[in-house]
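Next, two complexes with chain A in common: one pairs it with chain B, the other with chain C.
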Partner chain A sequence: MLPYLTRRAVHSVVALLGLVVAVFFLARLTGDPTDLFLPLDASREERAEFAHKHGYDRPATEQFVHFVGDVMEGNLGFSLRKQRPAMELVLEAYPTTLKLAAVTLLLGISLAVAVGALAAYRPGGLFDRVGSTGSLIGASAPDFWVAITAILLFSVSLGWLPTSGTGGFLYWIMPVTVLALRPFGLLVQVVRGAMLDALASAYVKTARAKGVGESSVIYVHALRNACLPVVTVAGDIAVGMVNGAVIVETVFGWPGVGKLMIDAVIQRDFAVVQASIMVTAAAIFLMNILIDLLYVALDPRIRHQ
Partner chain B sequence: MSAPANNATSAATIAAAIADTRAIAAQAEMVTVRKGLPWWRLLARDPLALCAAVWLVLMLLCMLAGPEWLGKAATDINLRARNLPPGSTEKGWIMFLGSDALGRSMLARLVVASRNTLTVAFTAVVVAMLLGGVLGLIAGYIGRGVGNLIMRLSDVVQSFPSLLLAVVVLYMLEPRVANLIIVLAVTRIPSYLRVTRAQVLEIRERGFVDAARAMGGSSTHILWRHVVPIVAPTLLTILTVDFAIVMLAESGLSFLGIGIQPPEITWGLMVAQGRNYLTQAWWLAFFPGLAIMITTLSANLLSNWLRLVTDPVQRWRLEAPKTAVKTNA
Partner chain C sequence: MFRDRVRQLGITTMGVAALTALMLIAPGASYAQKTITVVLPEEPDSLDNCNSGRSNVGRVLRQNVNETLIELDPNDSSLKPRLATSWKQLNDTTWRFNLRKGVKYSDGKPLTPEAIISSVDKALNPKLDCNTRTKTFSGFKIRVVKVDAQTIDIVTPTPDPILPVRLTQMTIGAANEPIQIMNNSVGTGPYMIEHYKANSEVVLKRNPHFWGKKPQLDGARYVWRTESAVGAAMVKVGEAHIATNISHEDAKDQKTDFAYPNSETNYLRIESLVPPLNDKRVRQALNHAVDLNGLHGAIIPKQAMIATQMVIPRIAGHNHALDKRRFEYSPAKAKKLLADAKAAGVKVDTPIDLICRINQWENTTETCEAIMAMYKNVGLNIKLKMLEVSQWVQLNAHPNKGALTPEADANIKGRGPILLGHMHDNNVGDPVFSMYNKYGCKSQTSSHCMPELDKKIAAATETPAGPKRVKLWEETMAMVHENALDVFMFHMVGFARVSPKINFKPTAATNSEVLLEQITFK
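Right, the complex of A and B next:
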């Protein structure tokens, strides 16, 4: 098991380095880096001064060595708009996004497991059809549109919920629901399929034959095994959460890393874009390793392979 | 079908079960005689899949002929018909879905925007399928070294959020249609690559591939004549799901303002523009989003149906039950 994890970790580090190289060369090859870093309306003198100060007039190899050194030190440039180190801004915004993601995942996963398991208990039944169609709609709905429609309905028309910002419980309802929609849709289908397999398996038959009660069969024997595939798709879900967070944070004015990044793109603040991309990539690779560990901890069959 | 198996207590359910079994037997005979039903009859039996297919064909027509047909109505400014709510008929059927702040017809704009929205998504998934398929064939058939390298690259792409990748690339390059298609295609390649490779690894061990090799068939011949025909249906099923995913991604990017730029229009961009008029004219943001949702839902439904049709083990589910109802009636 350990060699496998080490290999995964090495792959992640290599991939991260690849990303660093790619960001550097994409930024240099696609034109003058000052175009990327400076706003579009900067004057020629400003550009020349900026290029000289940051070494863009020196050879590319020298710039690259310098860049890699900076990245290793966690120095990913200086935000031109906010006049602060980009890394500081990103690390400040991260906890807000993580809080949103954690609440969403907790709610989404537990709801999806409940709905998926119930749907699988009577395949083809009313609950199964409603649940399956509902999850399909959840997976198909454009999140930004659902967010706007929700604002229109619950904030503008009914006045029940605040349109955007952060604060008490009421501020969480719409962002969490919209963000949970797609993972929920995906997970219900996964749990349902896994639960169908589990209910037809030999160990469930054995449990029934031993005279174990029906609720114990479902919750202890079947559901525990049906939850494993949830961990398998957790990586995809985490990646999807980042995509969703960018949109949800932008629409609901949630001051997380997604909003920070989109604002930086629109204001052409390259250092911030670069820093948020790299921190997110590192977080995702770390998360994938954690998921692997969790999988091993949950499924003894893998541990003994 | 399997419902009565557990608690067949009443005589009625037993009778129904027997009738079902007979119908399946009869159907099985018919199938052997007729070699299955043609796909369009199977489609007609599944009302949801049929609706999905009809909607997608309708969208295809809009994409092909829409801008020529309603292009003028979509750009004509009519200040006397500003912000008409949906259901207005006094200005003609074209204003049925309302109009925007410049008096342009919502319906016409939706139809015209379908071309950009659908072309980007469709081109991106087809490019992804071709590239992913070819890379998957190479990774599965040719060898370990190249195969491993390809898989590692695909891991990296897959474990990175597609939206972030698109944000970076579209920030550095211009947000043009071609760049958008490339970014979206790259993010979707891994799914085709994985499936193709997995299938090729299995197919290459089969007897007919050995036979073809023994007869002196070249690698390209074997891949093209013996492997591709088996992999293709699966790839087409993924294509329909991916179409929905890519359409959502493109709409999201356009909504954020880093996808297709005005004066071009896509549904996602229309939602973004309508967002500013949310309190005065809700329909500006609502209908384009609805169009996205119905189209992605249709693609997902159709893909579920395709999965059943192309799976020989599952296909009877579509063929049998409705016949049972017919023979009973």
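Right, the complex of A and C next:
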């Protein structure tokens, strides 16, 4: 196990370094932040002075050497807009994203497993039809539209929930529900399919023929094997979520890393773009390792390979 | 049996998930009764008074936390005393200001000439990129000199007849602030920063040392929502009291939604030095071909005003006579002008790019698509391109001026003639902040160069405030109009939703400041 983890960690670090280099140069291909930062009518001299002060007039390779030097000293640069350390901004925003992702995934996966398993119990039955149609709608509905409609319905018309912002339990209901809809929809389909396969498989029949209890058949035999495709899809969704939920963060005013990153890209705030991508990439690599470990825990065959 | 197990599985997983979710969720906050909540479209970049020229900073700080020496009346652009009670020009380059007595910062320290010197030095320090310097004092260094405890002189390197107007844009911070951008500006205004939670909210509370009348509000909480519909909904359900910058589509409630002139003018910038746009007939045709009445009320809010010049009517120098003789919509006239130009050898069928910036104003895409159709209708070879802000800014900062300099030549390589969709905001109150930048031969962002107009702009700039200055600006506006240098469209409006529980009327200044001291509960 340790050699495996070491190998994955080394791969991740190499990939992270490659990503940082790519992001550094690609960000600079979008242009010079000078024109975006200064007022539209700034003079030629002011533009030149600003670009010189921030090093934007130097070749990208020279800027990269400076950047590497700064990173070695633990300095990921200052946000041009906020005039604060870029890493500080990212670390302020990241817990929000992680909390939102964690709650959403927990609810989305739990509900999907329950609904998917119930749907698989009687394929073609009423619950299966309703569940499948509902999950299809959930997987297809555009986040933005759902979010605005939910605000108009539950906040403006019914007055049940706050429109947006962060706070107590009520503030979480709409963002989490909107964000969980798509994972829920996708996972219901996956769980249903996987459980159907598992329950019809030879090993389940064998287990039942041997007189194994029904709960063991479901929990030990069927669900455990049905979990593998669920983990694959849920892992993919989780990776997307630690990258930030831009639409939900934007509509509901949740100060997460997704919105921070998008704003930084639009404003060519290079330091924030680089810092946020480094942090999210590290989180994604970590998440992938966790998913691999979960795979190993669920399927002994992978462990033996 | 199996069904029970599955149900049990479902209940257990949902229970675990709900419990974990509740553990992660923290309780919310509550605020005092006489505190209002203001929804802004974006988070302030900082809370440093030297950046109060940025609208997202100014709406929180300007005149609430940090005051200016002189205040600009948004209704008629007149100047009013604030921290300075009176002022006069001593000579071409020196102005004297008498300071208000008994003014204290929110930390209890007195406002002194030394504090003003320190604050101005910081705002204009080239080590920082303060918006006050880059926007209002671009290339213009002033020096503050103490005369006595209540008097200062401000010395300019060259004559500046509108220094008092310029000073309406400079808020005053505390003495000896560190030379860095901060998030805890201290000022003399009626409010002070209680706390700033990055990414979340700014809360202001009353400044106990404020020199003026005690305002009715205890404080204000600022939050930000990018989506206009969410801001509007927050006011509707009582979560907030003011939502600035809501969209036209969201401003449908006559009781709570207000349109206000926001000092912005949208127009198409013509590159008048580049063929075929260097021909006056072609430019006139561009003006006659656009049906502004057709756009007005359909794509552009009906509260907007059809524009004939760069600055809005309340600015002294706006030529009101031009408003009565704007270019009439006449495709026939446009076609004739183009035919005349073609007969004279002008290549009127040269491809022209109409370039607009996505979301520069509400319905930008629809406006530009309609204009493209109108231009095609008169036979122009027009292609529309919609650009993101970063690409658009490149074109704005490096206009095609017929390659007047080697640098410009490199920047515009391969470009054809361009009509650039543009929005200009002059909320300062004098045309000087518009005309040189837009029409000066040496201006970085001007796509024009008319020596006669250049001289007129210079003369108006140097003339002291008064009727003569106003007349000169009016003449420059007329000159731009007569030469059809640009295609002016609309003096735009903004929309704000205001809770029926408070008294507040948005004005032209609402884009840059929200004066809490003028807001009261009903």
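Simple rule for what comes next: the second predicted complex is superposed on the first by the 244 of 305 C-alpha atoms of A that agree within 3 Å, B and C clash if a C-alpha of one lies under 4 Å from a C-alpha of the other, contacts with A are read in each partner's own complex, and residues count from 1 in each chain.
Operating definition for what follows: a residue touches a chain if its C-beta (ideal position, glycine included) is under 8 Å from a C-beta of that chain, and two chains touch if they have at least 3 such contacts.
The shown structure was predicted, so the numbers you read here are calculated from the model rather than taken from an experiment.
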| item | value |
| --- | --- |
| Touching partner for A:A141 - first (chain B), second (chain C), both, neither | first |
| Contacts of A:V178 with chain B and chain C, given as first, second, both or neither | neither |
| First, second, both or neither for A:T280, with chain B first and chain C second | first |
| Contacts of A:V246 with chain B and chain C, given as first, second, both or neither | first |
| Which superposed partner A:V20 touches (first chain B, second chain C, both, neither) | neither |
| Partner chain in contact with A:A194 - chain B first, chain C second, else both or neither | neither |
| Partner chain(s) touched by A:T149 [first = chain B, second = chain C, both, neither] | first |
| First, second, both or neither for A:I266, with chain B first and chain C second | both |
| Touched chain A residues, chain B compared with chain C | C |
| Which of chain B and chain C A:R47 touches, first, second, both or neither | second |
| Doubly contacted residues of chain A, that is, touched by chain B and again by chain C | 30, 36, 148, 151-152, 156, 250, 266, 268 |
| Interface residues, chain C side, partner chain A - complex | 1-3, 5-7, 9-11, 13-14, 16-18, 20-22, 24-29, 45-46, 48, 126, 129, 131, 134-135, 138-139, 180-181, 183, 198-200, 223-227, 229-230, 233-234, 236-237, 239, 388-391, 393-394, 396-397, 407, 437-438, 443-445 |
| Residue ranges of chain A in contact with chain C within the complex | 30-31, 35-47, 49-50, 53, 81-84, 89, 92-93, 96, 99, 102-103, 106-107, 109-111, 113-115, 117-118, 121, 148, 151-152, 155-156, 159, 162-172, 176, 214-215, 218-219, 223, 250-253, 255, 259-260, 266, 268 |
| Chain A to chain B touching residues, read off their complex | 11, 14-15, 18-19, 23, 26-27, 30, 36, 123-124, 136-137, 139-146, 148-149, 151-152, 156, 235, 239-240, 242-243, 246-247, 250, 261-262, 265-266, 268, 270, 273, 277, 280-281, 284-285, 288 |
| Residue ranges of chain B in contact with chain A within the complex | 2-3, 152, 155-156, 158-164, 167-169, 171-173, 244, 248-249, 251-252, 255-258, 268, 271, 275, 278-279, 282, 285-286, 288-290, 292-293, 296-297, 299-301, 304 |
